[in-house]
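Below are the structure tokens for one structure; questions will follow.
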């Protein structure tokens, strides 16, 4: 069994990409939220419960540069989501056997 | 580690090309090898040398070409996708080359990872 | 005959620009703003709506340094100078995202969906992107 | 008050365009489903209830050429949705004061 | 009736340009006047004369140009959007012209309807 | 060392192509099919997934005459000739759309999300569009 990194770059309010990722990501996988996908990391937003529901068996990361660009540095993120920069993104890709983009 | 990159969207309209570029830069800075970036779908538009963003905006075509030159990255534009969209040798930025989809499959075979950026 | 079907400089139409997409992930926010700034010069009745992820376009504290893209959020402040004063934000969209009017970079009129739909239905031209 | 034609060209399974349209369309408006928006007209699909819930106060149309292209000529559409061709699309635009695209 | 059209996506990747073209044809067939089609965002790519689809596929650039010629439609490509994306006079299909965003606002003012096709 | 890190012609990787978008509304379905047909020539282990609106790509009875676009649905039948035999469709996606395997133009293996996720997690390269 390989270890997987799932990449989600679309807003969970706009599209179903994250829904599908959460439905199909195996327990133990990692999920990196980037671009408009970072909105899924907002603690006080309606989508937070879907992410929190998988915090136990998936590891969540969010791309800091995309968080800052969208003005969310002042907005609480879900506890336990790790913020990474592009270097951290690269490390995640290297540490997992496969990167799957949910386009 | 050898990392291949697939870019499925053109510059500006979607962030995909920006994200891919930042990722490629970071991967190289971390000591990884980015041997090939394959441009597919509207991604072929990243090679259009006529692109002229406003002076205070980033120029993705120039950025890719410069990164490719500095680090010997093979910047491959899919010929089938490019023909449809009017990307031909006469508008191709130096540093890119037009070739077939086999180069994408090869990138999947020869790299340890393939990372896809799209819409 | 409707008033805008007459010829002459007194023709004024109600134009509404509807923004439903987040900034930076796609270019629609920026290119719609470019249209609005041009439209302001035409002496028409202009209104701008931010709904769904469009509300993020005017979120405070945007910092694009690390993504290498131009931060155009301050340009929304210029709308007032261009006499674009009808700026509506949908309450339900803010609520779903855990945001309030205090999170926004410009003063806006926050309306619930029902009130917003009334104003939408009074327009002559609706341009969305 | 003007009469409005709402245009929805995205799949309700993939995006929130139709949700937003249904939330913001005033009673008495018309909605034309086209391109991938035609999936919202499928009677046996999960989204049908959302459309049926507004059949009383909105008029729904679906673009036949897009229905046929997607292989749905053999698939039941929601009762009461009118199928139009491009000419019918033009008529709808002409008959309503404003066309609003939900992009 | 006078109907204006706004096309926000390029050919092929999204159906927007196809739908707009079929709509324009039908409007003309119904006796309406389509005086202007404005190409914005990636829609500017509809004017790239280098576009060369497969022989059994539709050629949207050619279709728009022919429809415009036959019916005197003003096919306007937004200059700001076009510059970014590398659409310039040297690749502009005959029948299109490059101009400013004011032409879009004008289309909204002068037409009885404006119909938007996009993603 | 993983087997595919050895040199030589015996390197076989598992490639999965994931289709989540409907045909015609966007070009991704067609251009992904073009990749799969090329990939088939490379003697790798190829599988193709249709999930979410991607299931519409292989819906029977597509007729594109009136939209003026090329109907490429019959090309999926060629996958078998190219020895692409691992074709998976997600049960939940069919169900949500009121479809069954009988609605599809080619024989496929219908899997529930859990089984599909197991297969996804065994790939070496996943290409989605």
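We call the chains A, B, C, D, E and F, going by the order they appear; numbering starts again at 1 in every chain.
By our rule, a residue touches a chain if its C-beta (ideal position, glycine included) is under 8 Å from a C-beta of that chain, and two chains touch if they have at least 3 such contacts.
None of these values were measured; they are calculated from a predicted model.
Q: When you check each chain against chain C and chain F, which touch both of them?
A: A, B, D, E
Q: Quick one: which chains contact chain A and chain B both?
A: Both-contact set = C, F.
Q: Which number of steps is the smallest that gets you from chain B over to chain D via touching chains?
A: The fewest touching-chain steps linking chain B to chain D number 2.
Q: Copies chain B, chain E: same or different interface, half of numbers shared as the threshold?
A: Both copies touch with mostly the same residues.
Q: For the chain pairs D-F and C-E, which is connected through the larger number of C-beta pairs in contact?
A: Between the chain pairs C-E and D-F, D-F carries more contacts.
Q: Using mean C-alpha positions as chain centres, tell me how far chain D is from chain E in Å, no decimals.
A: 24
Q: I'd like to verify one number: the distance from the centre of chain B to the centre of chain C, where each centre is the average of its C-alpha atoms, in whole angstrom.
A: Spacing between the chain centres: roughly 33 Å.
Q: Averaged over CA atoms, how far is the centre of chain A from the centre of chain C? Could you give it in whole Å?
A: Here the centre of chain C sits 29 Å away from the centre of chain A.
Q: On chain B, where are the residues touching two or more other chains?
A: 8, 12-13, 15, 19, 22, 41, 54, 57, 114, 116, 118
Q: Mind pulling the residue numbers of chain F that touch at least two other chains?
A: Correct list: 20, 24-28, 52, 67, 69, 124-126, 128-129.
Q: Name the residues of chain D that each touch 2 or more other chains.
A: 9, 13-14, 16, 35-36, 65, 85-86, 98-99, 101, 103
Q: With touch defined as at the top, which chains are paired up in contact here?
A: A-B, A-C, A-D, A-F, B-C, B-E, B-F, C-D, C-E, D-E, D-F, E-F
Q: Enumerate the contact residues on chain A facing chain B in the complex.
A: Result: residues 7, 9, 34-36, 65, 85-87, 89-91, 93-94, 98-99, 101, 103 of chain A touch chain B.
Q: Quick check: in the complex, which residue numbers of chain E touch chain F?
A: 12-15, 18-19, 21-22, 56-58
Q: Under the touch definition given earlier, write down the residues of chain F that touch chain A in their complex.
A: By the definition above, chain F touches chain A via 18, 20, 28, 51-52, 90, 92, 113, 116-118, 120-126, 128-129.
Q: Under the definition above, what is the set of chain B residues touching chain E in their complex?
A: Going by the criterion above, the answer is residues 10-13, 41-42, 45, 48-54, 57, 61, 83-88, 90-91.
Q: In the complex of these two chains, what residues of chain B are touching chain F?
A: It is residues 6, 8, 40-41, 80-81, 100-102, 104-106, 108-109, 112, 114, 116, 118 of chain B that touch chain F.
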